[in-house]
Amino acid sequence: MTGLTARLTLSRGTFTLDVDLSVPAGTVLAVLGPNGAGKSTLLDGLVGLHRPDRGAVVLGGRDVTAVPVHSRRIALLAQDAMLFPHLSVLDNVAFAPRSAGLGRATARDRARHWLSEVDAGALADRGPAQLSGGQAQRVAVARALAGEPELLLLDEPLAALDVDAARAVRGLLRRVIRAEDRCTVLVTHDPLDALTLADHVVVLDAGRVVERGPVRDVLAAPRTAFTARIAGLNLVPGTVTGAGLRTGDGQVIAGVAAADAVAGQAGVAVFPPSAVAVFPAGDPPGGSPRNTVAATVATLEPHGPVIRLRTAGSGWAADLTPAAVAELGLEPGVPVRLAVKAAAVTVHPALD
Amino acid sequence: MTGLTARLTLSRGTFTLDVDLSVPAGTVLAVLGPNGAGKSTLLDGLVGLHRPDRGAVVLGGRDVTAVPVHSRRIALLAQDAMLFPHLSVLDNVAFAPRSAGLGRATARDRARHWLSEVDAGALADRGPAQLSGGQAQRVAVARALAGEPELLLLDEPLAALDVDAARAVRGLLRRVIRAEDRCTVLVTHDPLDALTLADHVVVLDAGRVVERGPVRDVLAAPRTAFTARIAGLNLVPGTVTGAGLRTGDGQVIAGVAAADAVAGQAGVAVFPPSAVAVFPAGDPPGGSPRNTVAATVATLEPHGPVIRLRTAGSGWAADLTPAAVAELGLEPGVPVRLAVKAAAVTVHPALD
Amino acid sequence: GHSTLTVFAAASLTESFTALEKRFEAEHTGVDVVFSFAGSSQLAQQINEGARADVFASADEANMNKVTAHLAGLPAVFATNQLTIAVAPGNPKGIRGLADLARPGLAVVVCAPQVPCGAATRKAAGTALKPVSEEQDVKAVLTKVTAGEADAGLVYRTDVRSAGEKVTGVDFPEAAQAVNRYPIAALAESAQAEAARQFTEFVLGPAGREELTRVGFGAP
Amino acid sequence: MPRLLWVPAACALALVVLPVVGLVLRTDLARLPELVVAPAALSALELSLTTAAMSTVTCVILGVPLAVVLARARGRAVRFLRAVVLLPLVLPPVVGGLALLYLLGRNGFLGYALDAATGVRLPFTTAAVVIAQTFVAMPFLVVSLEGALRSAGTGYERVAATLGARPWTVFRRVTLPLLLPALGSGVVLSFARALGEFGATITFAGSLQGVTRTLPLEVYAQSESDVDSAVAVALLLVVVAILVIALARPRALEGVR
Amino acid sequence: MPRLLWVPAACALALVVLPVVGLVLRTDLARLPELVVAPAALSALELSLTTAAMSTVTCVILGVPLAVVLARARGRAVRFLRAVVLLPLVLPPVVGGLALLYLLGRNGFLGYALDAATGVRLPFTTAAVVIAQTFVAMPFLVVSLEGALRSAGTGYERVAATLGARPWTVFRRVTLPLLLPALGSGVVLSFARALGEFGATITFAGSLQGVTRTLPLEVYAQSESDVDSAVAVALLLVVVAILVIALARPRALEGVR
């Protein structure tokens, strides 16, 4: 198989990472996971900066486990920009081409190209100390891309970028990471990046893969609380029934069972916050929403154009328009009744 | 007046920052702006790490312009965590209390308190080198807060944090930055943070304030393209008319004029992407939407629970459900017709 | 009481004076003799700068003359030293006198003309020698010979004696023109004028004679 | 690290090690124990270790502040001072000793004042040894620290200031700890230089057994009568120095980072 | 920077500067020009500058790789080598010269082989001066660089490797440039040490005008007969050294960061 297959066990102090993954050529794997899950450590292991205790990294058919870092043809854009302080921005970006043996002029031409791709052409002659945080990050992106590596490892490439730059770099990445013979591993905290840039996703937690699959599948039907939270979906664990799911405390949630959900086994009910309606506490509203639950408003946070409301009690999230929030007089501590239509709820088999 | 008032002119190389701002005690000022706009430079100037060419910083009635950094009672959480490499996480956080003269034990107790506030209590005995990127960022937040400063300067405090941590820290900030006698300046790229944490906002561009005001006012009625983009709003410049606005190329957009918009003067039409409907190219749809425009799909990006579609031609953004995107067969290059109801469009006076 | 007698002595006196110390202290209980060994010119310099010394024994009269102002009395010469040619043990190159040192291919080292032994060399041998090195002191000359680096070197008899088996000395008649005289004197500032006088006399007396002869010094 | 570097590195090591090996081979090791227990050697060793330790401490106490001032202060004057600090480096030690004598000797303007005021005369005392060693060793400490301070930059110090640390706290809790690895090298260099100091000591402090005759001076005195035993004593010095350095350079100084 | 630091810093400066001032005051400056143009002084000065420059270059060529190896390689052996490098630091210079003589002299095992193979005899040549100076100056370069390398860490080198730079490229384009400030200090230290070198030179290379008699040897020789002129010559050495260092330490070496 071309592309990347890796199986790595490695440790840093008391932390152990134990991961296997494969990224077909021409595709992008997103890596999600909470802080400290081992995402950066995984990239270090792939690029060869951390020696694995066990495992193998196979890239384009070559077993590169024992190959020195510089011959792996793997570029790493780390979390910290780490621009060489003694080189100009241009020469930072020209570093990889020059290391690949290109002449100074050619390498600089290529560097200029990549700099203009990240909209940093005007910064070419600056020193790294003369850049703002986001400018440095953009230059680091250009530097990683300029090497035209076989495998591209990106650790939160869009953090610190302003919206326009983020959009530009996202577009750039979409273009370059689709190259025929290249595969990419993209660490991010933003499901948006995963959705727009990646084919597959793995979710790490405490050094292990807790979820994996095609991005849309995973984000639409997350099986861990973490993924559900970042995917912005509500997730209620319980036992699959014919009509939906029964929670630990006996509550029944009506919903549509996914094809692979088997009644009597563990499952999760999944529904988007936008499907949750909020009513004043008291009588359940008449009409189609069959799942209703009493709750108390815990927090209100704008989320894109809507306000996302989280509740104590059920723990569900609901997205509302600011007008609705105002009309209902919602603020932390107000008791409410939540409702969700069964059609909006899907029930998936759970991992455990 | 208590709180902060500052007027600063300072230069870094060819870059010049020229800003005045005031932050009443107990309030939070958000600073938005593209990469390299001068946000970090502004914070450096306030805290005293950059000597202004001209200007004054007055905090709680004291003129601190000539006061040395350490006596200003201003804490700066910089873009780079910069944890002291030779101190444990606990001692990093205990640094400010100790510098304020507290005994070792008391300072450590306070440090432990702040560490647990950012959910990093378990990391207390680690060295900074043993932290992940997000963990380090959280510790840096705790370190800045532990000094209990009069003015708190935060440079993208939530970058690099996972969703849970971001939520936790956002909650924490909301609690601590409202302290009676404290004011806060918060640099961010995320309008969400501005909306949820700040009272007022200034938008910087190329070292100058291009927009300022109460957060909701500015984000609802942005007057610069940059603010409109990050606020996720569509913004069309032109001349205010009785019924709305006329663009440079003669197109008329029907809308509701804001109270301060004067017919015949420069104005902007503002409407959220969620108000924009998308139809197949061809006949304009019958019905209420009075503003329609022909366009071509440029990009599709998930945005929270919806897909945000940007168009070439008009440049408008529209938010759609994935189902609608699929139904309409939308992808880059497809010609479409956009429609927006006049009631959803407000027309504001423009700055120039 | 217990008193300390400080003696500034030329470095070349290290061995003989250290031996004398024991005998002197045995005879004069209560006096502890302490030496400062350095180059004679350094010692003279130090005395002029206020060193608290009781006795000064110099390797030449020139340096003694530099401190005339600080002397308690007239200096007395207590030993002489004479140049000799140090060669490898058994004299493999068959060197018999100064003339042989001019032979081509022979590596000869001498003292630099600025130092006492070099001045003596000038006086005895003129400028006929073509040395490969003009050393800073006589020990450096000796080292070159014992290390086998030089075939011959002009040193003092005492040096040949102290080197034992490692060199052979070849005396030459011209050496008599450049006899080096070692003067000793008590110093005016001494708090132990009596002990200083006693030590000076001890060095000049039979005990001193014996120890000095043992290491190769000649009689005054 | 390129493998090729091992070639010049090995040459460098050979240049350092081979001569010493040659020396050891030519030394009559059987006589070593006897020489080591000789009271003169022992007292010289003790004196050397105490004075070198004292002058290293003095170098640290005076040199660290000087390095910080030179690295952090600005202005023309500082640039000039930076060159001045190198003076003892280039002055032949004997001349350095002479300079000290001219300053602190009976006729020196400071020495005269000191004598007149307190009756203290520094030359030819153990204090003089320490002063001579400090004089020659100080630049080693200052130069190596200054380089480290400069390349470390002021980032962490600025962070500390924003956390309310006054300059003294910054110095004690940030600058100094971060300087430890470089301080380690600096201390080793200056201790070694002090331990091996000869010319300035013999000129300024003389060579009195038990008072000012340090081990290098003892080696010199020995060499007058017996070069071999002098070499043996020198080897003793080397062994002791290496031991002291190895023991006194704990982990902390080797770079915690 | 705490103001208080100026106090010990000023003491340190005084310790360094005052003796030299004393020296200058006591020197007959009127005679200086005459002494400076003396052929012996001029030829010694020229020899000193050339040999010190050559040995500094040798130190850099051999010492930089050694420092990198010591700072980056791992294992017990390296810890041991790290101590071994300090040998010339603690060896009294005269003994160091003796060691070189025993190794490279006519009867030394390497010197003998060299003589037999090529007819080259090192002692008493200018090359011997360079070797002696390199021997004593090398540790200064190595120790100061090693400290800097250690505290700089390997971060940028790792980044360079991920960008496809092979070890040699990393060394040339990342390690070395980042090392420049420390290399500046190291070069100054070793140049100064080489310039002031006396004991090892006289023992290994001898003292012949124009060939091996460097300025410190000239100073010493002068001091036996005429201390004042020796001091004057030493001051010449100092002035020249400070000039050379000031000129040869361009901005680049002072820390670009």
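Every chain is named by a letter (A, B, C, D and E) in the order it is written, and numbering of its residues begins at 1.
The definition used in the following text is that contacts are C-beta pairs under 8 Å (C-beta built on N, C-alpha and C of every residue); 3 or more make two chains touch, one makes a residue touch a chain.
Which protein is which chain? UniProt says A, B = ABC transporter ATP-binding protein; D, E = Molybdenum transport system permease.
What you see is a predicted model, and the numbers here were worked out from it, not measured in a lab.
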| request: Could you run down the chains that neighbour subunit B and subunit D together? | output: none
| said: Do subunit D and subunit E, two copies of one chain sequence, contact each other through the same residue numbers, with over half in common, or through different ones? | reply: same
| query | Which interface, named by its two chains, has the most contact pairs? | reply | D-E
| message | Distance between subunit A and subunit B based on Cα centroids, please, to the nearest Å. | response | 22
| note | Chain centres from averaged Cα atoms put subunit A and subunit C apart, in whole Å, by 87
| said: I'd like the Å distance between the centres of subunit D and subunit E, where a centre is the mean of that chain's Cα atoms. | reply: 15
| note | For the pair subunit A and subunit D, the C-alpha centroid-to-centroid distance in angstrom is 57
| task | Mind pulling the residue numbers of subunit C that touch at least two other chains? | result | 45, 143
| Multi-chain contact residues (two or more partners), subunit A | none
| said: If I count partner chains per residue in subunit D, which residues reach a count of at least 2? | reply: 94, 98, 102, 108, 166-167, 170, 220, 223, 227, 257
| Which pairs of chains touch one another in this structure? | A-B, A-E, B-D, C-D, C-E, D-E
| What residues of subunit E sit close enough to touch subunit C in their complex? | 98, 101-102, 105-107, 123-124, 202-203, 205-209, 212-213, 217, 220-225, 227
| request: Would you tell me which residues of subunit B are touching subunit D in their complex? | output: 47-49, 68-71, 73-76, 78, 82, 84-87, 95-96, 98-100, 129, 143-144, 147, 149
| task | Using the touch rule from the top, collect the residues of subunit D that touch subunit E in their complex. | result | 1-9, 11-13, 15-23, 25-26, 61-66, 68-70, 72-73, 81, 83-96, 98-100, 102-104, 108-110, 131, 134-135, 138-140, 142-144, 146-148, 150-153, 166-168, 170-171, 181-182, 184-186, 188-189, 192-193, 195-196, 198-199, 215-216, 219-220, 223, 227, 230-231, 234, 237-238, 241-242, 245-246, 254-255, 257
| Sites on subunit A touched by subunit B in the complex | 12-13, 33-37, 39-41, 79-80, 130-135, 137-138, 155-156, 159-167, 170-171, 189, 191-192, 195-196, 226, 229-230, 232, 272-274, 299, 301-306, 319
| What residues of subunit C sit close enough to touch subunit E in their complex? | 39, 41, 45, 107, 109, 112, 114-116, 131-136, 140, 143-144, 147-149
